[in-house]
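A single structure is presented below for examination.
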Amino acid sequence: MAGSTFGNIFKITTWGESHGKGIGVVIDGCPAGLALCEEDIQTYLDRRKPGQSRYTTQRKESDSAEILSGIFEGKTTGTPISMVVFNQDQRSRDYGDIANYYRPGHADYTFDTKYGFRDYRGGGRSSGRETIGRVAAGAVAAKLLAQMGISFTTYTKSIGPVEISSFDPDEIGQNPLYMPDSSAAKKAQEYLEDCMKLKDSSGGMIECVIEGLPAGIGDPVFEKLDANLAKAILSIGAVKGFEIGDGFAAAHASGSTNNDSFYITDTGETAKATNHSGGVLGGISDGSSIVFRAAIKPTPSIASTQKTVNKSGENIEISIHGRHDPIIVPRAVVVVESMAALTICDALLLNMTARLDRICDFYKKS
Amino acid sequence: MAGSTFGNIFKITTWGESHGKGIGVVIDGCPAGLALCEEDIQTYLDRRKPGQSRYTTQRKESDSAEILSGIFEGKTTGTPISMVVFNQDQRSRDYGDIANYYRPGHADYTFDTKYGFRDYRGGGRSSGRETIGRVAAGAVAAKLLAQMGISFTTYTKSIGPVEISSFDPDEIGQNPLYMPDSSAAKKAQEYLEDCMKLKDSSGGMIECVIEGLPAGIGDPVFEKLDANLAKAILSIGAVKGFEIGDGFAAAHASGSTNNDSFYITDTGETAKATNHSGGVLGGISDGSSIVFRAAIKPTPSIASTQKTVNKSGENIEISIHGRHDPIIVPRAVVVVESMAALTICDALLLNMTARLDRICDFYKKS
Amino acid sequence: MAGSTFGNIFKITTWGESHGKGIGVVIDGCPAGLALCEEDIQTYLDRRKPGQSRYTTQRKESDSAEILSGIFEGKTTGTPISMVVFNQDQRSRDYGDIANYYRPGHADYTFDTKYGFRDYRGGGRSSGRETIGRVAAGAVAAKLLAQMGISFTTYTKSIGPVEISSFDPDEIGQNPLYMPDSSAAKKAQEYLEDCMKLKDSSGGMIECVIEGLPAGIGDPVFEKLDANLAKAILSIGAVKGFEIGDGFAAAHASGSTNNDSFYITDTGETAKATNHSGGVLGGISDGSSIVFRAAIKPTPSIASTQKTVNKSGENIEISIHGRHDPIIVPRAVVVVESMAALTICDALLLNMTARLDRICDFYKKS
Amino acid sequence: MAGSTFGNIFKITTWGESHGKGIGVVIDGCPAGLALCEEDIQTYLDRRKPGQSRYTTQRKESDSAEILSGIFEGKTTGTPISMVVFNQDQRSRDYGDIANYYRPGHADYTFDTKYGFRDYRGGGRSSGRETIGRVAAGAVAAKLLAQMGISFTTYTKSIGPVEISSFDPDEIGQNPLYMPDSSAAKKAQEYLEDCMKLKDSSGGMIECVIEGLPAGIGDPVFEKLDANLAKAILSIGAVKGFEIGDGFAAAHASGSTNNDSFYITDTGETAKATNHSGGVLGGISDGSSIVFRAAIKPTPSIASTQKTVNKSGENIEISIHGRHDPIIVPRAVVVVESMAALTICDALLLNMTARLDRICDFYKKS
């Protein structure tokens, strides 16, 4: 099936393999009139660029975005925006081994089973580089949402056993792990050094906070805002869990502590005294911040010896060499934010048709 | 937006409100030739029927399913299957209060904000009764999957602080909480009695195990099998979290412990020595059991006093009377299973077009 | 595949067979706040009701619509609107013959080939009664569009060789053939009498004019307004052709005569001096009336002897008895109008997200 | 809305403007294992390349296709196939005039109304060059269908008043007008010379015949095969009408002449004695050839003087200079064929899930 398209109104289609000619995305349905240039995209892509710290792959890629269509005189025209990052570091090397065995924790076996064969060079389509298209599109969605005062704060919440215990938004960009707590970041780096010595890798958790989203966004039943966020986040390779608001902790809570009381603010607005819900009630935004978390598994590519099988049906042992991140989490932060932005953007556009009075108003004015 | 449709090939559309004329579902895209009768549906619906224990709402509903189309001579014809459960217990009573204030933890406020007004009788469309359509459709999907040897085991994993510590599948239907551990079930009932005395409610966790699914099902990138399961499960009201395989625990793990080794079985099949992945690699089923969990928040309707606001913009106090479940979890078990069956069924059908050789074979034979 | 759903935002799903329990439709995505009652639906359904003249089937059906959900206090709530017409005239009779052979011009053979068997009673799902769901939904779409000043005039343009030569909108409802020309209607009735004597049937043409649609509706490339109208109209059984504006005549024209000049009206508006385009340029409405035509084939059920085959692979001769329309066209007029209304309604809602400035305005106000 | 995506399973998304960096397409959902190279695409693109005769625009473009993803070791991998044609002939010239007025018969006015502004260079997204993406994708669909013995014959049926009166398939590629009748082609060329002298243009008709399609393809109700073909064809700019089989002539026919009798062939197959239906009954292929026609309007860009308006609201006169086709039809032949191939391919893949017995077979074997 066609699995590389996401969204209903603000719809993206990504393409490309790790060691093919490039990675790209087409955004179809971006409203006309948004000022947009390649720098807007690059700022986002740079947050996931490899080689920025010793905790990420040392592959050399500038990951420069090029916009091929959909912009005229500096603005989106309403027609498809095609963007591409051409791959540079396509070292010609011997892929013979990897073609014939199945790496544990990777999609090698499942791709072969599904399609009969696979592009095994660097993981092909199931490589982390696939997310470049998501991030390029997410940058556009985020810029559009910013026009309406909606903003995203996304960061590493934990790495292995190390969790943040304070929150300083300014700190996030100051450490290579994108943690909002410098002391936790330091401890996490020590933990990662140990992992690397052991030829091992670590998992972690990412949290995303969305502010400025008005109440009323999202749809009941199957298109709940949190359901779509869950799909968006789980669609990122290596994500194994999603929770919104109190999430799994709510399973242990009682109604009296988990319910958020409403109250009238000084300015007469309806607000919630707490935010156990994470900003969504009945699948529709409630005006509080959207707060969700993603659980990321440890990088499956590790240098220590592992048992597996080859295509000849033999049990073998392998150890994976090459350029791999001991931790995916820091580079995945901007991917999580991008998927969230795409989801929110689509929901916001879809919501415009909810009420007849507003539709009539819209057409009277325009 | 049209939020009441789920699936691509095996597509369902649900309709109906808690206190309207009825609740229904249309399945469009069910393959022709499946033997199906109303009893198949009823068996599933009975698992979510109210009034079966003192831990569920005492509302009296037989919830009898009627099939209105799509079946001829006992078999599905390939055309839409329309099913309806007419509401019986529509007590005419004074809804005046509930119309004017917003219950904490409910969708009252968000529906009003989105649509301008709402059907406030019994929660309207955001009532738990909305899931009747899902379960009726899930029964059909599950029966179809059973033809291919795919089966579901779904149960309550925890209620408040009480978690199962043993697993006996035969026990699941033997206690009102659908727990596979009679001793845990007993403790959980005691805990619920305490909740009820305190006019409070409890959250809990549901686990679902899917066996018999061949490797290769699900699609890369945005239509990953686990991403679609996450959306399906989060689309159920009151679900606040989803995890597959080791889930959130994977965030604390290392690659060497989290990776599942492949090995060749005695019969020459490729298999995994462990199942930390929960049966999915790269979004595609890997031949192991699919294992996932859902976190369910406590019932928001509680009898103790709560602070909230009314539509006149005043801070008020309320206490909710009426027929409410102190725990949603046991009745949600079959809803989780239904959504999983619908997701798997759709993915299985979509997978048939993955390989040209199999497509050519298919058309040569037919 | 799931073929019974139409639309993106204003989405309908129809179900039901000719001789099953009933025929229905679920509208998902209808905006909240539209005043709606069963009479609104009935007015439309009555235009396609059988037994109204000697040129339509004499089957006795009141075709009474019942609304089962989605309305509260007389208004749409934004949640799915489920409507049903229960079948009354389900005469129990011997269907043995029809089960075993394939009627020329009908879908008997293609359904059997596709699904392995079929509900042969009265044509099952491929009966003209399937359009009841379309018309019930079309009534809602048309009422919604009327709020924005958009109206439909649909009528029979020709029957067999008899074409209208004058146009009086008030005449349309005055003759059983829905022709806007009483003299042509008289001639057409004479022609039909001849057909009936010869145990034969006649084709015809329907024209639809849509007024009040603002310029800018419809989307470029694959979702052109005329492309979606074409699909909507060809999806009606028996329609064999669609043309917009000058249609097939444009194939014989030259650019200088086919182009519509723009000019500035006395009130300063941009308008077109002619309307060869039929109200659409580049797939987007241009502010002129939308004008399109549908070609309807003759009723395939005729009483004269026909050659065909049976399921045993034998060449046989049949003659079809029973209640059949010698002409489908008059009853199809409201079906064409309904499909047009559904298409326009969906396009109008989709258009709200085309421009960033209007989106920002929308969210500032709401 | 996102209007640049077509198809459900075999899904394409096109992008690009006439004078932007390039034109491209992403195919998502192409089955794995199809041998594919750039030459396969080029063969199709060459059929619509400009500058091949004096009846097409003299713009110089080699229109060379490049495949950027989705192919490994010469075969499709099941992941997105991204293809691009970079624009070469982007003469920098003064577009000032065209930016400020609305060309009759073009989408200038409707784009401005919808989006607030437009990329006016060469028609931007509404240029005929947009079809490059369709043709590149159509080449892939056609190659896939060829594996199953399904083939397409598409040709010019008429140009202005000149219609073919004989049919020689080998002649189609022998004349610049793609007519299967050399004598008609000669007359049509004379007619076009006259048009050019008069600074005028001509419309015409295209016919497409699809052979080898098995019975049973297409879906009832809204996803009828002919309805989807109609949408596909009307989505091509300049197409004003679509008819299948006898089409509009059926509106004048009687049932006894329009019905196609079934009979048993010498080899025991069910077949039709005639093909008035054009190969579709009830929206599902009936095993006969699919035959449909498209009406193409005259090129709106003509050199003679025309009345129109400018953006300042003034009535003006213009005459359009530059590189324009006096007739679109010959170059549109391959576009029509491509859209038909995409539609058939999608329907064929969707049909695989119609019957439970075949699904069970499929999974037992694989």
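A few points about this structure:
Should a chain be cited, it is by its letter among A, B, C and D, assigned in written order, with residues numbered from 1 in that chain.
Here is the rule we use: contacts are C-beta pairs under 8 Å (C-beta built on N, C-alpha and C of every residue); 3 or more make two chains touch, one makes a residue touch a chain.
Note that the coordinates shown come from a computational prediction; the quantities given were computed from them, not determined experimentally.
Averaging Cα atoms per chain gives one point for each, and the point farthest from that of chain A is the centre of C.
Think of chain C turning onto chain D: fitted on CA atoms, that turn is 180 degrees, to the nearest 5.
Each chain gets one centre point, the mean of its Cα atoms, and the points for chain C and chain D are 26 Å apart. Note on chain placement: the centre of chain A and the centre of chain C lie 44 Å apart, centres being C-alpha means. Centre to centre, using the average C-alpha position, chain B and chain C are separated by 38 Å.
For chain A, the set of residues touching two or more other chains reads 1-5, 8-9, 14, 29, 32-33, 78-79, 114-116, 125, 216, 220, 350, 353-355, 357.
Every residue of chain D that touches chain A in the complex is listed here, in rising order: 1-5, 7-11, 13-17, 20-24, 26, 28-29, 32-33, 68-70, 72-73, 75, 77-82, 84, 114-119, 124-125.
The part of chain C that touches chain D in the complex is made up of residues 1-6, 8, 14, 102, 104-107, 109-111, 113-116, 125-126, 130, 158, 160-161, 195, 198, 200-205, 215-224, 226-235, 237, 240-256, 258-264, 268, 270, 273, 277-278, 281-287, 295-302, 304, 306-309, 313-315, 350-351, 353-355, 357. Interface of chain A with chain C (complex): residues 8-9, 29, 31-34, 76, 78-79, 144, 147-148, 214, 216, 220, 348-350, 352-363, 365-366.
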